[in-house]
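Chain IDs A, B, C and D follow the sequence of writing; residue 1 opens each chain.
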Amino acid sequence: MRMKTLLLTGFEPFQGLPSNPSEQTVKLLHQKKIGGCRVTGRILPVVFLEAWRQISGWIEELSPDAVLMLGLAAGRTKISVERVAINCCAGADSSGKQYEDAPIEPAGDDAYFATLPLRAIVERLKGDGLPAEISSSAGTYVCNYVMYRVLHAFKRRGPAVPAGLIHLPADHGLALLQPAYPSWSIRDLSRAVRLAVETIWPAA
Amino acid sequence: MRMKTLLLTGFEPFQGLPSNPSEQTVKLLHQKKIGGCRVTGRILPVVFLEAWRQISGWIEELSPDAVLMLGLAAGRTKISVERVAINCCAGADSSGKQYEDAPIEPAGDDAYFATLPLRAIVERLKGDGLPAEISSSAGTYVCNYVMYRVLHAFKRRGPAVPAGLIHLPADHGLALLQPAYPSWSIRDLSRAVRLAVETIWPAA
Amino acid sequence: MRMKTLLLTGFEPFQGLPSNPSEQTVKLLHQKKIGGCRVTGRILPVVFLEAWRQISGWIEELSPDAVLMLGLAAGRTKISVERVAINCCAGADSSGKQYEDAPIEPAGDDAYFATLPLRAIVERLKGDGLPAEISSSAGTYVCNYVMYRVLHAFKRRGPAVPAGLIHLPADHGLALLQPAYPSWSIRDLSRAVRLAVETIWPAA
Amino acid sequence: MRMKTLLLTGFEPFQGLPSNPSEQTVKLLHQKKIGGCRVTGRILPVVFLEAWRQISGWIEELSPDAVLMLGLAAGRTKISVERVAINCCAGADSSGKQYEDAPIEPAGDDAYFATLPLRAIVERLKGDGLPAEISSSAGTYVCNYVMYRVLHAFKRRGPAVPAGLIHLPADHGLALLQPAYPSWSIRDLSRAVRLAVETIWPAA
């Protein structure tokens, strides 16, 4: 059986922070064989249009069997498997471009559900001792934006490719700089993502 | 010019709590003339199917010019004007009926945006000194359920009727019982809802 | 019977904020007759040494029958009646003077308990529908500093004068600027302080 | 040079929870040589009088060179090195005994400062990438109670023995049961305590 390919994306540091646990996690898992798939890791800029341009290019290039996007949700205490992306973007990105509640795709649906096995991922993580939950809001910033555009693109095509986004809590390193953030170690964060990948494509 | 009619709904107390600020607020504003409309207040049970049966009956009966639903979001610190309702319900309602991530309308869209002037409501409240924000998640409980079904029903009809849901923080009375909840006075909560109604239908 | 005098202090705005609910509350209650006493309100700078210089001067001048200090504890959700002030100061004040865990009074005790009827105040506020609690930390900033010095000074004198500090949550106006803060209306905050004063010296 | 002895205490599970990270951490470090000392681990019941009876017995028996108590502060996000214990106890313990703001030692001071190198411990943990802070309140429950009684007892004796208490955040296992708790892995918690011990008695 052909080895599956999973495209795993993280984001660059943003808003003046020196690191981003989604980037650190992607770098740790890049090229790893996890469960029944091999991970191809890529890092996105926190820039609305450019992030989509890059991820859509990688999807063309790699024809991945699944797409798992990671993002940082500083302030959350658990691994948040996002249920839905909405057709709305807001905030200023790293290029300085600012949106205020603008539609992402004027002809798109109001929202799209992720096509990952959300409940199975959450149960797997909890079964391994890691707090996790399904979240019903990926926000309106670049995370929601790429999640919406990826789901919109796959919806218009033929056979389904599982796709979705997981928000990570801050890591301990960020919490040293922003004391209000709850935090996990990078080790715990990357273990959680590894388990999520195994849930999408278990080893044969 | 005909006086407009606004259907304003709140919920009964639930989960063992003795009161619900959404109910208290609706009772304070029932029959009041606010801005360019008269408010008709109604109280819903925290029961998925029955809440929809009742609110759809009142919409038939009253043909309101706008529908504003209120709910309690204990734990939030601000007035939350909800942006979107999703096609998913979860949790056990007051009748004991339990759902786990079930679709509300199998043939419905994944989500519907509220058709209220969200940004104008938030700016109006803030202009009057009351913290408010647009929220991107109404949860997956009965609040999201009735909001989804109302928006789905109006979407299938002809001319648009502004409809949506506002989540209230806990009131001081509930915070006496559940000390972890941030809280407002009922007076502040009802002033916020009054301002929201005025924003939907300003006085001529 | 002679009318009692209560010295009620608040603080100036600080750390770039445009207002301070402790100042606003003191101004609303200044010169008011509440319960069995008349309130004399005074506003302190958020400056360690100068705040003490001023409050000790007022105590000399007024010989108050009780001293109630108010401060802002942005982030808290309830009225916090402080139990204890500790012999430690830290942080940079509005004059730029910075301390890092320095003793306030090298010969003082490690801490002093407030001499207000803490439990009675909390029960009175809750009885009137306002969330309140005894707090076991007034922090290490200027609030704790003046509370410590006032309690230290009274401890060395003869007859006891009830003294202590109440921390207020942020008000709605501050929460408009700092969205992470839970908030109350100034009306609710000043009602709470009025009830606390009535508890210290009930009307005859 | 004689190897130093450090008495490290944790608490049994309480309030219906199945485990306590302070107990788990003590068991991991018991009998370990850390820095310049050997750790003797002991587990306390969450019972006011009995906890003090046991820890005072171990201090008699072991004559430790330092006493480090650990407790659980569910809801906190960082390692909290406690600055002060106050002469007040409140709450119902595991034996059902209930106190409401009672003095611990009627003839004791209002509070005692910990005699550990607080700032050095916090800086050491942060230098190793673990969020930590000095806390100014150990609460009024059994943690504060044993900390107060140990500090009171050492204060009345001759040569000083460093003593204090560190509050741990919930661990991931507890957060699975109580989803509102921020959490760390037991691995991260025990690494933090190990670093704290090394700071008290560095290797020669």
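We adopt the following convention: a residue touches a chain if its C-beta (ideal position, glycine included) is under 8 Å from a C-beta of that chain, and two chains touch if they have at least 3 such contacts.
Bear in mind the structure is a predicted one, so any value in this text is a computation, not a measurement.
Identification of common neighbours of chain C and chain D yields an empty set.
Annotation: 39 Å between the Cα-based centres of chain A and chain D. Separation between the centroids of chain A and chain B, computed from CA atoms only, is 31 Å. The geometric centre of chain B is 47 Å away from that of chain D, both derived from CA atoms.
In chain C, no residue touches two or more other chains.
Chain contacts in this assembly form a single closed ring in which each chain touches exactly two others. Chain A contributes residues 83-84, 86-88, 100-101, 109-113, 118-119, 134-137, 139-140 to its touches with chain B in the complex.
Contact residues of chain B toward chain C in the complex are 77-78, 126, 129-131, 133, 172-173, 175-176, 179, 181-185, 187-188.
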